[in-house]
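Below, each structure is written out as C-alpha cells.
First chain A sits with chain B, and in the next complex the same chain sits with chain C.
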Partner chain A sequence: MTSGMRLSQEGIVAALAALLFVGFSLTLSNFLTVNNLISLVRSVSILGILGIGMGLVIISRGIDLAMVATMVVASSWVLSMVQSGTPLGWALLFGMGFAILVGAATGILVAYALVPAIFTTLAMGLIVYGTGRAYLFQVDVQNAPSNYPWFSFLGTGNVLGIPMPIIAVGFLALVMWVLLRYTRFGRFVYATGDNILAARIVGIPVRLLIVAQFILTSLIAYAAGIIMSSAVSSMSTRIYNSTMIYDVLLVVVLGGISLSGGRGGVRNVLVGTLLVGVLLNGMTILDIPYTEQNLIKSVILLFALIIDSFINPRDEQTAQQQQGDI
Partner chain B sequence: MTTLLSFRNATKEFRGVPAIKDINFDLHEGEIHAIVGENGAGKSTLTKVLAGVYQLTRGEMFLDGKPLVMKTPGEARHRGIAMVFQETNLVPSMTVAQNIYLGEEEMFNRLRGLYIKAQRFLLSLNFYVEPEALVSSLGAAKKQMVEIARAVHHQARIIIFDEPTASLTPEEKFHFFNLVRRLRKDGVTIIFISHALEEALALSDRITVLRDGEVVATDETKNFDRNKIIDAMVGRSLSDELYANAGERRPRPYGEMALSVQNLSKGRIVRNNSFSIYSGQVTGLFGLVGAGRTETMKIVAGVDKRDFFHGGVVKYNGERVRYRTPEQAVRSGIVYVTEDRKSEGFFETMSIAENIHMGELGRKSNPLTVVSRSEAKALAKEWIKRLDVKAIDPDARIIELSGGNQQKVVIAKAAIQKPKLIIFDEPTRGVDVGAIVEIHRFIEELADAGIAVVVISSYLPEILALSDRVLVVRQGRVVEEMTIDNASEAKIMFAAVH
Partner chain C sequence: MFSQASLTRLRYKYLPDHLIGEVLSKRWVDNAIPFLVLLIVIAVLGPLLPNFFTLSSLSDLGRQMAEFGLIVLALAIVLLSGGIDLSVGSMFAMAVLGSLLGMNVWELPVLIVLAGVLAMGALYGLLNGVLIGYLRLRAFLTTLVTLIILRSVYVIVFLHYSTALVTGFADSALWDFIGFGTVYGFPLSLLVSGLIAIVWHIVLSRMRPGWRLTAVGGARRSAYNAGINVRRTVCLAYVWSGILCSVAGFLYAARLGSAGADTGIGMEVSALTAVVLGGNSLGGGRGSVAKAILGALLVLIITNSLISFGVPGSITSTVLGIFLIAAVFLDMRWVRNKEQLLSKSYVSPTYLNLPPPPKTTDPASPYRLNDKLRTVEVIGLGEIEGPEDVILDRHDNLYCGTRHGDIVKFFAPDYQTNEVLAHIGGHPLGMAFDKNDNLLVCIGGMGLYQVTPDGISTKVTDETNRRWTSVVDDSRLRLADDLDIAPDGRIFFSEATVRYEQEEWATDALESRGNGRIICYDPRDGSTRTVLPNLVFANGITTMRDGCSILYAESWTCSISRYYFAGPKKGRTEPVLTNLPGYPDNINRASDGNYWAALLGMRTPALDLAMTMPDFRRRMAKRVAPDFWLYPNINTGCVIKFDENGNILESLWDLGGQNHPMITSMREHKGWLYLGGVSNNRIGRYRIEGADPNWTGPASYWGDAK
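So, the complex of A and B:
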C-alpha cells in the first residue's frame, strides 16, 4: 500500500518540478538562458549534496541542523589557512578533521548521552559557528586561492560539458545509493530508523551506527562547502544566518523522506532538490522579495510536513495494540 | 447486606474475542471483595469496565439497583468509583497536596492554604504523609496513600485496587492492610485484585475467582482456603485439544550446561536469582506478571544491564560473561525473542523477507559487506516455508500479516541467527490457535536439534506442553525447579503464588 504511495509521492514531486520548469521556461524570458541555468544548477547542486547528507540522518530518525554551520566554518577555515600560507592539501585535511570532530561529538551526544538530535545539532551549529568566528578566522568572507587550478576546477570546471558540481552530486548520490541499498550499513540505517529497540535486539550496534552517520553527514557538509567555495571563489559565514538549513529540510521532506524514519532514499532527495531548485530560481527571476520567498518556502515546508505525518504516521498499529490490553 | 453494584451477563469482547463473558457479579456495600485469577483471566478487564475505561459489549451493570452506563473514566469517578492502579497516576513533579487537589485549583492558588487543608485531610485519614513533599520523592507505599487520599477526597464509594501490594515491602503491606480496613470501617466498598492468595484470604470478606474470563467461584472468604482457590484458578479442562498430551510427556535428557546464573540482581525486580539452563531441552520459566522472568532473561541476552555492584555472575558455556549490548550476546549465540513484537520485535516499514534477513545481517560484523537482495529473498523464502508463514509474497509488508504470522517472522528472524541459547518470551501471546501449534512445533524442533531453549510463559498449559524442565519464578528469583514428569498445574501454581 505505502510502497505505491511512496512511488506516487516521488512521481508527483518530479512531475511538479517538470511542470514548474516548463511553466517558467514559457513565461519567464530569461529563465531558459545559459547563465541562469548555470546558476540554477549551482545552487541546486549544493542543496542536493546537503540534502543527501541530511537524508541519511533523517532515515535513521535523526536530524542534523548543524550541517550549514559545519559547511561554512570548515571550508572558511581551509580558505583562511591557505591565505596564511598553508598548502591547500594540508588545509583540506585539517578541514576534514574538523568536520569529523564535529560529527563525532554530535553522534556521541546523541547516541551515548541520549540528547535528542534536534537539540544537540541546534547547539552544535552555534558552537561550530562561534568557534569559527572566534578562533579560526577573522573576517566573515574568505576568498578562495587562485593559484590552485584544480581547486577552481572543482566548482567551475566541467567534464564532457557537465559542470563539476553536478558531477559531484551525481557521484555522491550514486555512492549513497549503493551504501543505503546494497550494504549492511545501509540496511542497519533503515532498521534503526524504523525501530531502534528491535534493531538493538537483533544485534545491530546502534550507538556506533549513529556516530558513524553523524560523521558521514558532517563530511558531506564539508564537501558541499569546498565545492561551494570553489564555485563562487569565496565562502561567506553569513550563509549560516540564512535560511539554507530550512531549504535542505524542505528538499528532504518534500522529496518524501519521512521524519518518522526508515522510509525514503537517495531518489527522494534528488527529486526534492529539483523541485526546490526550480522553485527558488523561478522566484528569484520573478523578483519576489527575499522575505516573501521565505514565506512561500516555509508554507511549502509546513505542508510537506503535514502530508508526511498523514501518510507516514509514527505508529501504524496503535489500534491493534489495544487487543493485548486484556 | 445490600447489593451496591452488580454485573449481569456482562461480556466484553476485543475484536470478537471475549476477555470476560457472561459475568454475574455482586458487590455488597461496605465489603472488601478480592478478585483472583491467573494472568489473562479477565481481572483487569472487569475492573476497567467498572472504572469506565472499557464499555461492555453485552450485558448490564447496576449501581444501587439502577442501570449504570459509563462512557469515560471521568463518569466513573463522578459516580464515586475510583481505581488505584499498580503504577500510580500521580504527577511526580508536584507535591502531595497539589496532587490531591489536582483539577480543583482556583484562579489564584494559595499553596499555604492548600497545604493546611491537605494536612488536616490526611490526618483525618490517619495518613502520615507530608503534604509539601514532592510525589517523586515518596516511596511506593506513600504514593499509594496519596492516591487513596485522592480517591477518598473525591468521595469514592468504591475503590478498586489493582495489585496494590506488588511493589510494597512487608512493613508497608502491613500499613496498607490497616488502611484498607479503616476505609471499610468508614463505609467504603473495596475491590482488591491480587496474585497473592494469602493477602486475599487475610484481608477480604468475599472472594471471586475468575478463569478464562468467567466467574468460576464466588463465596465468603471463610469458605475458601488456599488449595480451594488454586483448584478453582487452574481447574480448566485438560482435554483442551491443543494441550492434550501435556502431563504425560517424558522429558528430554539434560545436555551440556549452557548457562549458569548465580545471584543475578537488578534493582528490586531481580533479586539474587540463581539457576541453570541446559542444551537440548526446553526450560519453561513460569511466574506471575512482575516476577522478574523477562528482566532476568533480558540481562542474560544483553538487552538490560544487571546491577553494577553485586549484580551476580552469568556463565555461558562455562565462561563468565557480562554483555553490555545484545550485539555481543547475539555474536556469541544468545538470542532473545521479545514478548512485545510490535515495539521491539519487527520493522514495520520492511517486508517479510527484509525482516527475516535483518536477523542474518545482525549476526555478522563488517558493516560494508554488500547485501545481495536475491540471496536475502531466497533465505527468507526458506524460513517462511520452515515456519509456515501464511503470506502470498515474501515482499509483502509485515504489518499486513496477522499477529500469529508476524510472530512467526519475528521467530524466524531470531532463529536465522544460529543461536545456541534462544529465549522465547511469551511466544504465543496474541497469536491465533493454528499458529500456536506451529510455533510450538518449531520450538520443539530447536530443542531436538540440541539448542538450549528457554520459554517464558504466563500460561500454564503452554509451560506444561513445551517444557522438559520447569523453573518457577517468584519475586525476582527462581523458587522451584521440577522436571515435567513430576510437574502439575497445581504444583506449579502453588510455587508461583505465595
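So, the complex of A and C:
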C-alpha cells in the first residue's frame, strides 16, 4: 500500500504507449519518420485540446458530453457567417459568445438547478446541435474562408517547424497546468471534485465555480473547433454524429483522471492523448477500416474503465448518489 | 349575518383540506402527474392532428408503442435497480439485425431465430451486468462504451450483409403474423408487449425478485445488510434489459423487414426521456411499469406529432433534449421535496369551538380541587412503564400493560410480586375480561388481541372494512385504544385516529378532527365493522348496565356520549357529558351503579382559543418544532364519577402530581380504586370510602364465578 513503487495508471499507460511506439517502429517501416511523427501528434492535437477541457470538468466530478456539439456548431456558425459576408473578427466574437452561452446554460443547470452534469450535457448536445442545424447554418459542411491568411495560419502554419495545432495544445496545456496548480481557482476545482459538500462548507463558491468551469470547457471546445476548421479548411457537422466525444473521454480516462473527481492533471491528458495518437496512427498505417478502429478504441476504453475501477475503487458508502449510478 | 367564526366553521367543515396531505402520502400520486400531462398532450395534439384518432393511426401507434414500450421498460428496470443502461439502442439494433439475418439470409425457423436473438440479448446484458454488478464499474460510462462497441459491431456486420439482407426474403406465415397480425383488432406485437408488461408489473409489485430489485435501487447498503445479493440483483437487471430490448428488436424486424445504418441511433436518449418523464427516479428505488408506459406513450406521441407537423429531425431531437432536462429537473425536485411537502401539508387542523370550561376553583363545583389522590398507595413503582390501563380478575390479581409490549400480572393480595403474563410487542392499552376470563387487549399499532389466563396471546382482529371515501387506508388499525364487551359477546373498541401513530397523539390533538371511530368485532362470525366513524380521538369505552348501549369518550371534544347498539333506540347516539374541564380517557363502571372516567389532562384557555383558529395551529405545526407546540395540560389529571344522566358526582385530584402524576384509567375492585397512567411508572391504589367491599368488575359483567 505505502510502497513508492505502486503502479499508477498514468505510468502503465505511458509504458504501454512506449511499448506500442517501439513495436510500431520496429514493425511498420514508415512509422518512425519525422513526418509521420509530426502528423501523429497533429492528428491528435484536437483530441488533446478537447481532452484538456474535459479533464477540467472531470476533475471537479462533472462531465461535458456536449463539447463536440459546441465545437461543431460554434465553429460552423462562424464559417457560415463569414461566407455570408460578416467580417471574420466579428464572426469569431459571435461564436465565442455562443460558446459562452452554452457553457453558462449548462453550468447554471448543473450548479443551480441541480440537474446532474451527465444528463444536462447529454441533452445540451442534442439541443445545441439541433438548434444549430435548424437555425444557424444550412449545409452539412462549411468551408473555411481563404482570404484571411492569419486564420489559415492557426491550423496550417509552422513556428520553428512545429505545426500550429501542436503549439496550441502545448500552450493550452501550459496555461491549464498553471491554472490548476498555482491559482486559487485550480485548487478550488480539486477541492470541489474531492468533496463538494466539504468545499461548500469551507466557503468555496462552488456554484459559481461550476458555471465558470463549464464556460471554460465550452470555450476550449470552441477553440478546438476554430483550429480544426483552419487546419482542414472546413468544418463538417457530421463529426457530431461520430464517436469523437467518446475519444475525448478515452483520452482523459485512459490518462488516469479519475471519474470520481479530485485527481489527475494536465499531464494525464497528454499521456492519454499520446497513447491514443500512437494507436490511431498505427492502425491507420495498418489500414484498419474506420469502423474496426472504433471497435478497438472502445474496447480499449472499456478496459481503461475496468482498470480505473480497480485503481480508484469507489467507496460503497458514497457510491449511490441521488442522480443514480453515473 | 354570518360571523367570522361561523364562516371559519363552515370552511373547515366542508373544505376537506386534510385530503391534500393524504393524497400526497399515496404512492400513486407519482403516477398522477405524468398521467395528467399525457391527458393534456392528447387533448392539445388530438384536435391539431387530423389523423390522430383514426384506427390506422392508432394501430400504427400501437405497434410502435409495443417496441418502444419494451425498451423503456427495460431501461426502467435498470433505473429501478439504481443503474442506467444507455446501450438499449445498440442492443435493439443488434436484435433487429440478428432477426433479419436469421430470417432473410439464413432462413431459419422463426422460433429458433427468436431464441437466438433473446440469447444474444441476454449475453449483451450479461456483459453489462458483470461489469457493473460484479466489477462495480460506473453504469453510465460502461453502458456508453458498450453502446459504441455494439454499434461498431452492428455497422461492421450490417455492411457485410447489407445486400444479402435486401435480396433475401423470409417465407414464413408466422413471421408475417408477428409483424402484421391482429388479434381482436389489436396488433399482435402490442398484445405481446402488454403481456410482458403485466408480468413485470406483478414481478415488481408483488414478488420477491421485484422487491429485491427495488430495495437495491432504493438503498444499496441497507439491501446488502438485509442479506440481499446486491451484485447478482444488479447484474440480472441488465440481463433482463438486454432480453427486453431484443424482444423489441425482434418485433421491429418482423414489422419493417429491413434495417438501416441508423437503426436504434439516439434511442437511448428518447427512452431515457420517456422513463424519467414517466416518473421513474434516476436515483433508483422508485419506479413502476405504469410509469414506464406513461412515459413511453408521452414521448411517442410527442415525437410522432412533431414528425406529422413536418418539423425537421434536428428540432425533434432538440425538443427531446429539452424534455430530458426538464424531466430530470422535475424528478430531482420532486424526490427532494416530496417528503418536506408532505410533512408540511399533512397536518391539517380543523375548527373546534368549546364553551368556556367549568370552574374548578368554585367551592360549589363538583370539580372542585382536592388532594385526595395524593395519599394513594403505589404498586410496582419503577418496575413498569406506561400502564395505560389496569384491570383485576376474579382472583384479585392485577394486570397492566407496559410500553415494552408486555402484560404484567401483579399477584394478590399484596401486589409485591409480579410476572410477565405475555409479551405481545406493541404497547397494550385498554383491557377487558370476557366471560371465560380471557383478557382482551387493545394494542397500539397492532389491533385487538386476546390473552388466555395461561398467558397465550392470539390476534383477534387487526383490520376493519375500508371506507371508499377515505383516502388514507383506514382498514388497518393504527391506534386501537380501549374496548369493552357487550353481553352478547360482541367487542366494541375504539380507534383513536386513523391518521397518526400512537406516539403522534399530540399531532392528532392539534388537528382535533374526527379521525377516530368505534369498531365492533363480532366473534359469532369473526367480522369486524366500523360502527361509528368520524369521532374526535375516540377513547374510553364501557358497556352500560342496560346491556344495549355503550358510553364512549371523545378526548379532544371533552365529551362522553352514549351509543345504543341494540334495543329500541338502536343506532342512536346521545350526549351524556359535554364541556368537561379536561380530556376524558377510559371509562369504567363504579360499584354504586355509576361510572368512573379519567381525565388524562386539563384544558387550558390558550389551547381552547387556538382550537377556534385552525390557521394558527397549521402555522404552528409547520414552523415550530413539536417541543414548542401548544399541548393539553397533561401535568394534572383527575378521576370523576358521574351517573348515566350526566351529573358529576365526585372528583378526585392529585393536584401537585406528586404521587400519581397522570391518570388515563381507573378500575374499581373490592372497595379500592386502581389507577393507571400512560406515562407513569407505577399503579395507584385509592381506598374509596363507603364503596361496596365485595364488588368486582368481572362479577358485574359476567356474574359470580361458576
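Points to keep in mind about this one:
Please note the rule applied: the second predicted complex is superposed on the first by the 298 of 326 C-alpha atoms of A that agree within 3 Å, B and C clash if a C-alpha of one lies under 4 Å from a C-alpha of the other, contacts with A are read in each partner's own complex, and residues count from 1 in each chain.
Quick note on the criterion: a residue touches a chain if its C-beta (ideal position, glycine included) is under 8 Å from a C-beta of that chain, and two chains touch if they have at least 3 such contacts.
The structure presented is a predicted model; accordingly, all values stated were derived computationally and were not measured.
Once chain A of one complex is fitted onto chain A of the other, the partner contacts of A:I118 are limited to chain C, with no touch recorded for chain B.
Once the two complexes are laid over each other on the shared chain, residue contacts for A:F185 go to chain B alone; chain C is not touched. Shared-chain residue A:L197: touches chain B; no touch with chain C. In the superposed model, A:P205 lies in contact with chain B only, and not with chain C. Once the two complexes are laid over each other on the shared chain, residue contacts for A:E292 go to chain C alone; chain B is not touched.
In the overlay built on the shared chain, the residue A:G262 is in contact with chain B alone; chain C does not reach it. Once the two structures are overlaid, the count of chain A residues touched is higher for C than for its counterpart among chain B and chain C.
In the superposition on chain A, chain A positions 316-317, 320-326 are in contact with chain B in one complex as well as with chain C in the other.
Per the touch definition, chain C reaches chain A in the complex via residues 79, 82-84, 131-132, 135-142, 144-146, 148-149, 152-153, 155-156, 159, 219-221, 265, 269, 272, 281-284, 312, 314-322, 324-325, 328-329, 332, 335-336. By the touch rule above, chain B contacts chain A in their complex via residues 14-15, 17, 19, 40, 42, 44-45, 301, 303, 325-327, 329-331, 336, 338, 342-350, 354, 357-359, 361-364, 366-371, 373, 397, 399-400, 403, 413, 417, 429-430. Only residues 109, 113-116, 118-120, 122-127, 129-131, 133-134, 241, 243, 246, 249, 253, 259, 291-292, 294-295, 298-299, 301-302, 305-306, 309, 313-314, 316-317, 319-326 of chain A touch chain C when the two sit together in their complex. Across the interface of their complex, chain B is touched by residues 1-3, 182-188, 190-191, 194-195, 197-205, 207, 209, 212, 262-263, 316-317, 320-326 of chain A.
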